[in-house]
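Letters A, B, C and D name the chains as they come in the text, with residue numbers starting at 1 for each one.
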Amino acid sequence: MVSFESDYIAGAHPEVLKKLTETNFEALPGYGTDKYCESAKKKIIDTIGLDGLQVEFLAGGTQTNAVVISTMLADYEAVIAATTGHISVHEAGAVEYTGNKVISLPGKDGKLAAETVKKYMEMLAGDDSREHMPIPGMVYVSHPTEYGTLYSKAELEALSGVCREYGLKLFLDGARLGYGLKSRETDVTIQDIAKLTDVFYIGGTKVGALCGEAVVFTKNNRPPHFMNSVKKRGALLAKGRLLGVQFDALFTDGLYFRISEHALDMAERLVKMLEAQGVKFFMHSPTNQQFAVLPDAQLASLKEKIAFTFWERYDETHSVVRFATGWSTTEQDIEELAKALKETKVLSDL
Amino acid sequence: MVSFESDYIAGAHPEVLKKLTETNFEALPGYGTDKYCESAKKKIIDTIGLDGLQVEFLAGGTQTNAVVISTMLADYEAVIAATTGHISVHEAGAVEYTGNKVISLPGKDGKLAAETVKKYMEMLAGDDSREHMPIPGMVYVSHPTEYGTLYSKAELEALSGVCREYGLKLFLDGARLGYGLKSRETDVTIQDIAKLTDVFYIGGTKVGALCGEAVVFTKNNRPPHFMNSVKKRGALLAKGRLLGVQFDALFTDGLYFRISEHALDMAERLVKMLEAQGVKFFMHSPTNQQFAVLPDAQLASLKEKIAFTFWERYDETHSVVRFATGWSTTEQDIEELAKALKETKVLSDL
Amino acid sequence: MVSFESDYIAGAHPEVLKKLTETNFEALPGYGTDKYCESAKKKIIDTIGLDGLQVEFLAGGTQTNAVVISTMLADYEAVIAATTGHISVHEAGAVEYTGNKVISLPGKDGKLAAETVKKYMEMLAGDDSREHMPIPGMVYVSHPTEYGTLYSKAELEALSGVCREYGLKLFLDGARLGYGLKSRETDVTIQDIAKLTDVFYIGGTKVGALCGEAVVFTKNNRPPHFMNSVKKRGALLAKGRLLGVQFDALFTDGLYFRISEHALDMAERLVKMLEAQGVKFFMHSPTNQQFAVLPDAQLASLKEKIAFTFWERYDETHSVVRFATGWSTTEQDIEELAKALKETKVLSDL
Amino acid sequence: MVSFESDYIAGAHPEVLKKLTETNFEALPGYGTDKYCESAKKKIIDTIGLDGLQVEFLAGGTQTNAVVISTMLADYEAVIAATTGHISVHEAGAVEYTGNKVISLPGKDGKLAAETVKKYMEMLAGDDSREHMPIPGMVYVSHPTEYGTLYSKAELEALSGVCREYGLKLFLDGARLGYGLKSRETDVTIQDIAKLTDVFYIGGTKVGALCGEAVVFTKNNRPPHFMNSVKKRGALLAKGRLLGVQFDALFTDGLYFRISEHALDMAERLVKMLEAQGVKFFMHSPTNQQFAVLPDAQLASLKEKIAFTFWERYDETHSVVRFATGWSTTEQDIEELAKALKETKVLSDL
């Protein structure tokens, strides 16, 4: 079945798979100490081209969020995130499980504003009982956000400024980073992110890898004994090569960015097709996730033809659904979706 | 360089890699809900052939130990393990990190005796301050152990009996299970293990997979909301297919057991070669890990030719080193090792 | 200095102190196994007069919340609370530290509505990604709330009904329970609470004890090995008698309720005095905590004469402050406050 | 019944109780910010008379161990203790619950030798897999130990030296510190302890208080936001005065040391009496806890007359039992025990 269910519906991009195959028989040391991990780290650092970068690989996004937050924060610190942030709602409490509370503040279109953080910190400073409250030590943002939206450079600079003012670390969850960096509507480069944040990650799972996220500590600030902390959280792969080889491929000949551009091209076609069919969007997204409002009456029949994701209720008779593109999305897929939407269209709507 | 460093030096067994390649382009749902996970689970259950089995996949061994122990124990319970057990020493405190204490009791040759557990439980029962002590809820054994040794069926039955007597769950860490099941010196079958334990796992990472362990709950006793607990521990892969496809391949045409037999054949040749060279063994191992005592004077030069693992000091001038075989070990490798040992031999030893 | 800073400004009520003194020289066993703990438990159970009650003592409120929630919930469960709930904001993340996430939902006047819980549970039930979200296992309410307000019997019944419908435990934080039970505006009895909740606690620290909270499990549902869990959280006092003796005194001759009535009488006088002075209230409170809106210009000078607590900003030139009464509050104290308010009054306000 | 069950059988020493009574009606701020906490801290610092001391109060011993260890260690660090150490066996896993593993190493007579720590650290340094093992960050010793024994100054200096060599913090659990400092067989002063350790605590619960331990950070090294961490662990008392007032009394006119001397005098008489009766000691203790070997046949009848504590089995027909003295022990108590021992003596023994 044609699927727009997510950007992790397919296996690895062929170039990634090819490299896994080519290197399969080599005898390599374990736990990420192999030459492909080294090479991949170097390529990522060279791609960014700044001083002070350190790269580490982990297997998945929630794991990365929990490991990064808990190793970079002191035990008494908490992390601030938008109420719609992935760590606030969709990680089963993984961050709190490590001992650091998530302070959820209201955002807009999935984004957390510098002003919101600033006001919270000012409120705390004026509250005599602040030692009874979790002490913020970090701000978490996702870019693209869970709604496919993007921070502008000015917004990131403002967040970074507030973080510095209040001694907060800034962590950018880049599970879908490529789709942000290559969006036609962004003015944010990977260098901007490296400069403005303390740590961010370059998502692999959703951008062509079988699994894997590359964490970039941007200021020579990798926590001490990081490997031990990864092991302690059950996140250390014996065959660390699995991550190294994949990222080595992703950062050879700009594959990571080519994949991103392809998915964005497909998303653009998708948007045009949906607009042509008169479908209403839940919010404007300049990346590879598109959130459409469809009548509930159409969903069941559409589901039989196309895979997609229910996101949330819109109103009593409509739902928000997500269509995501990825490295494997084809023009043919979009045509199939167009056809299916027509066939399942309900007469009177919106 | 020829490597006996571990059983995770190479990538995936070719049949596993082939299946990953063949299924790579299929669009599949995420988080382990795809058809290959289903198929792999069914094949594992059919291989064992007992009622009440439930299978779940995780990525690595330490992760599996931490997830299984913490989801099967109540918060107030602790797990008993040999002092040499993997969870006691080599997991960076991953089990304690989940909140359940590891009670380490002395073993022999890596094995924990039923009598040792029984005596501990009797001591506790007679101690008025037992509510001040961690309350045992589980016994953890590894099979093969960290020293390559195996429990006999009688030993496992005795452990299982003591566990039932005291209401303890029995958990068998099978990171290298295949090498135990196919050992020429074992009388323990996978059915025995399924009957005698409450939960065990079939290690994939060390038996031909890129990553992955298959947890088998043996008495319809998978903890409720297991997927949520896996997510909460950062252990849920978005592309769960990565685990399903590999285990599907491993349990097709007995591949898992063929890999195990190959590694054991290679280990047998290795042992004969070492014996022929007069190398002393640290202890007898009937599986794929062999522990040899070598003079320190030889280690440095040997290391330049062959990769292997330092295990522990033997005496002031000798070390215990590990040679492990796996799916990728060849007769040629053993010949290379033989040659290297001869070339680096120190004159007067032992 | 006269103080309305809190209801824990003074030591123990004289009758409590007397009992501590009288029993001081008796040799008693430790860890809460003494006869005064037994006697106090019996008196509390007799006071409530229902079947299935089990009582345990702990030292403080945050400790009690963390112990009760983490011992009654499974590892994968979370607790729902109002965003203004004590566990949501003022316990430094103590509940999350035990591993269970706090899901904060909007309340009104410090109270969480049954309808709010119901809608959240319905939203979850309809969300395909619900296994990626914390799984609610309990609802937490405080009565009186952090704003001194009270649930009506109908409101508690509605909450209890929703909890039963969705398999949620209901936990009532009664740090100030006496002031709720004896309020002139309540229709809720301690029997109602015992019937409608799964667990609640009778606060001692804020109602005449030096320290101590009495947890009441209402349905023979005390978690197994509770003493071990208390020890594990560092909450077990060697001289458990300290708690037992105090609660024995508090539940002798209705002292707990006499203390509560006294504080409520004083609160009533306080309210009348404040009204007479034209002070505006932040919200109506029928208990011993009164929240007044005062001009910032007055606060500094008032602070030199009277101890009270800043609560939160009201607007740019006003603050909400709390005046609390307790067992030691006297009519003289209120007169002093009246005098101080007059002396510090700023001319043009509100 | 006459009781030698522990050193926490009675309430507060009369001078402590008197101060609690005298200060009972004063209105004081909460959470340990009152003047008695301040005064008590100053008195303790003055008693030690060194620079860089910081004092904080907590309620009980296990709580103190868990709070101190988890706030002074990084998340990736573990604490080394003797296998008989309180944190190793009798705290229900409270330290591990905070996330830091306890590494238990063999001791002798309850004491951990510097050489044992050194060898462990050397072993680690030579082990390639050390990043897979918990990373020691602290050494925990109790003084007196759980068996009433004491470290000599030379032994503490050796431990302190090894700790500095390997970058380990040294933490001394002084739950019974007074009985060590005032023992006739010690050459260790409180100044020695303050100089040689990074942190230690002065036990109150077992030396005349109702509850309370005074933690002394010795090198201006109190962890940041310590109050927040205490709150997060549920250990912050609203009426912090309860701890401050008691320690203020204990450190007025040398009460803490007078209590200790009294208990040691009583222990000396106890030992003489037991020796006169031909009772065998399990090990020599120079402090207030005495461990005697008694025939099982005598225990039941003795228990009817005297309260004491079963410690552990000695052999098939004998047990080790503990007799402890404290501030409330009288010569009359010892005479009663003598009489009871005679009356219950079994004919042929040992």
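Please note the rule applied: a residue touches a chain if its C-beta (ideal position, glycine included) is under 8 Å from a C-beta of that chain, and two chains touch if they have at least 3 such contacts.
Since we're looking at a predicted model, the values are computed, not measured.
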If chain centres are mean C-alpha positions, then the most distant from subunit A is chain D
Select, from B-C and A-B, the pair of chains that is joined by more C-beta pairs in contact. A-B
Can you work out the whole-Å distance between the CA centroids of subunit A and subunit C? 41
So how far apart, in whole Å, are subunit A and subunit B when each is placed at the average of its C-alpha atoms? 34
Cα centre of subunit B to Cα centre of subunit C, whole Å, reads 50
For subunit C, residues that touch 2 or more chains besides their own: 76, 91-93, 97, 99, 131-132, 135, 228-229, 231-232
Interface with subunit B, subunit D side, in the complex: residues 76, 78, 89-93, 96-97, 99-101, 104, 123, 126-129, 131-135, 309-310, 312-313
Which residues, counting only subunit D, touch subunit A once they are in their complex? 70-71, 74-76, 99, 131-132, 135, 224-225, 227-229, 231-232
List the residues on subunit A that touch subunit B in their complex, please. 1-3, 5-6, 8-12, 14, 17, 20-21, 23-30, 59-67, 91-94, 97, 205-206, 210-211, 228-229, 231-239, 241-242, 307, 328
